[in-house]
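Inspection log for the structure reproduced underneath, given as structure tokens.
By letter and in written order, the chains are A, B and C; residue numbering begins at 1 in each of them.
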């Protein structure tokens, strides 16, 4: 690989073990300048270890880390121009806001006037110009968040690392901060690397997302790619909601494949990967709730087009959540299936206990060989 | 490189600890063991042997004093527990938050006043010309001055007074950690007052009880001031014997042996206490 | 239901009365020790002869006030010097111990931790004699072999300080370690990440965080040293600290109200210090 100047960070074959546990397993990736990159994975997948190696708190067993084209493996953590926003922010409680932000500048021996100017400047940019004299415990959760970002950004880092900084906030504030962080990233035009186990954070904010599992990157791509074109069963199951069956392929049927689930259901599915396209393979099948249409049984409707799957069942319960309402439908084999529906509050709404038919297109029936 | 720095910092941090423990705790005790095993056979001539310990067991007054000290210390410990438990319970569970803080502080204040002043206060209250005696005469309850010092009851009261805070503090902090709903659940399930106390509160408070009792016993058995000042000449407390051997008779060998015996005795009781209650030393001490 | 409620109220009233009685028991000796400092009489006893401050400021016999009593003043001075040295030393060792046991991993850590706690359950008398024995035998050995006298190892201020350090260090270590355990280690990483060197991190982040605990531990050590008697008794030389001087007067000579004046002075002083340590601790909780 050639280090193009447009790359802020490049990791090459990074591995790290703790005792007998392989925390990070041969991970390589590069991040173009000025982008928002997220690493999404369940807790314990090694994402924190990875980010700590980039910051220099851990040393990789093998591999290379390049920042702006230069290897930083022999650079101490306090000499790397990679700044980090910690999970619990780690603002210094014994200093006020101004001193917190000035801390890094003081460590670098910046002149007093310039510190003053830069701190006030960054406070303006995060839209908190008058909080310099406040103590940390006087700030709200969202303000603390912005101060933690400002404390790093005042140092003009090459890369900003964010270690699940929204985890401690309540739901409403978290939603607001997602948008805010994205805007801050645009404003500072710096590469952000954001690690999280919350898929909606990663999908909403990022230019590109890496899905990490058991120390490895399963897939790297834009949020849309990950959602609509997952490359593995893990990605399909981890990103977004889906109904899931285990089953076996029967035979190929054109570009589709005929599968039989463990509870005896016959479906037409879209094989992801060549292995799932042949008969006799164990597979995992995923269908996202928004592709399933719910129709009342016996209602006037056209016969399903070819290339669709149908399934009869009984409405078990309704999960009302405004525009994201869902029906929980029990199939003949007692499998519970979630489907998106519209609940208007009128008389036409579905009721629990009604017989319904579920219809969804075969090419949205994702099928992965296991 | 980094490993070397880490090792160096470990050594630098370990050095003060090692100096403290070795020079001020371990070596002095080893020295005391050696000294206690030295027999004086003639002036300036010594021999290795158990004579000092044998002397202790041959002289009833010595081991009687130790037994007396031990049994009175046990009595003081039990009394401190019985008197202190309701107070600790009140502080932790019944008083409102404001009163609780005030009471806790109130209980701690005498902790910062030295044993000497507290014993001195008792002397002023209880001696023949003291306040209590005066009040008794004034109210007509006594015809002549009453001397209340220099008896065992006074010594026990004085000792309970000196050490009871070390019982209340760990008890209150343990009980404070207990969820009120546990007590309510106990009543809710049909338990009577005594049952709830025996089955729920006391088992929960066990770590606090253990640490309180151990500290109190140790302090009582090792105390010197209170028995001397309140008990006078006939208090016969074991620490007095040690002082006597060391300072008055200048017989350091047998003084050291007595010291070892006291240490062995209190350690044994502490160990037994920990064993019986299933607590560890680290937990117990951190409570206070 | 109503009857039960009333019965409950009565029980609670009884309980409150018990707590009140206990509080009276707690303070009455202190009040006795303090109040007689202001009695215009030659004896600390009833009847009340009128208010006076001569037991503090009187400069003529027989009512020589404490601030003109040379022996008491020098006792106060030695106590102060000793307590100051003890608190400085124990806070230093205690801080090292806190880092050692909270931050470092080394073989035998649990064993050493127990060793750190043990001094608190050794009777003070024994710590005193064991250090006396070791220091004297080292001094004697050196004197016999090299004909050189090391005055420091003979009873005196230096040995008193060592004796008090031996167990006070455990207290300061526990206090400081408890605070260090609450420290969020990512704060150090954050500082390192912002470009600080390790020594700068220690100076600007970790030590300021520990400061309140170090001050509180220092105050506790100061007070413990000031009021210590058992350990000091065996190690004291010609420079007697205040508790020893006072003990001699209470025990041997008949007491005059000047001792009450000293008691009052000490109670007020330690009360203020205790208050200060609570304020320091509260400051910390408000900030974190």
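One rule holds in what follows: contacts are C-beta pairs under 8 Å (C-beta built on N, C-alpha and C of every residue); 3 or more make two chains touch, one makes a residue touch a chain.
Being a predicted model, the structure only gives us computed values, none of them experimental.
Considering the contact criterion stated above, the chains in touch with chain A and with chain B alike are C. Greatest Cα centroid separation from chain C: this falls to A. Ranked by how close its C-alpha mean sits to the mean of all protein C-alpha atoms, the top chain is C.
Rounded to whole angstrom units, the spacing between the C-alpha centres of chain A and chain B is 60.
Rounded to whole angstrom, the centroid-to-centroid distance between chain A and chain C, based on C-alpha atoms, equals 57 Å.
If you average the Cα atoms of chain B and of chain C, the two centres end up 17 Å apart.
Within chain C, not a single residue touches two or more of the remaining chains.
Counting partners per residue, chain A has no residue that reaches two or more other chains.
Only residues 12, 15, 18-19, 22-23, 25-33, 36, 43-47, 92-93, 96-97, 99-100, 104, 106, 112-127, 129-134, 137, 162-163, 165-166, 169-170, 174, 178, 223, 226-230, 233-234, 243, 246-247, 250-251, 255, 259-260, 263, 266-267, 270-271, 273-274, 278 of chain C touch chain B when the two sit together in their complex.
Interface of chain B with chain C (complex): residues 9-10, 13-17, 20-21, 24-25, 27-29, 31-32, 35, 83, 86-87, 90, 94, 103, 105-110, 112-125, 129-131, 134, 161, 214-215, 218-219, 221-225, 228-229, 239, 242-243, 246-247, 252, 255-256, 259, 262-263, 266-267, 270, 281-282, 285-286. Considering their complex, residues 184, 186-187, 189-198, 200, 204-205, 208-209, 286-288 of chain C touch chain A.
Taken together, the chain A residues at the contact with chain C in this complex read 55, 57, 77-79, 82-84, 86-88, 90-94, 103-104, 107-108, 135, 137, 151-152, 155.
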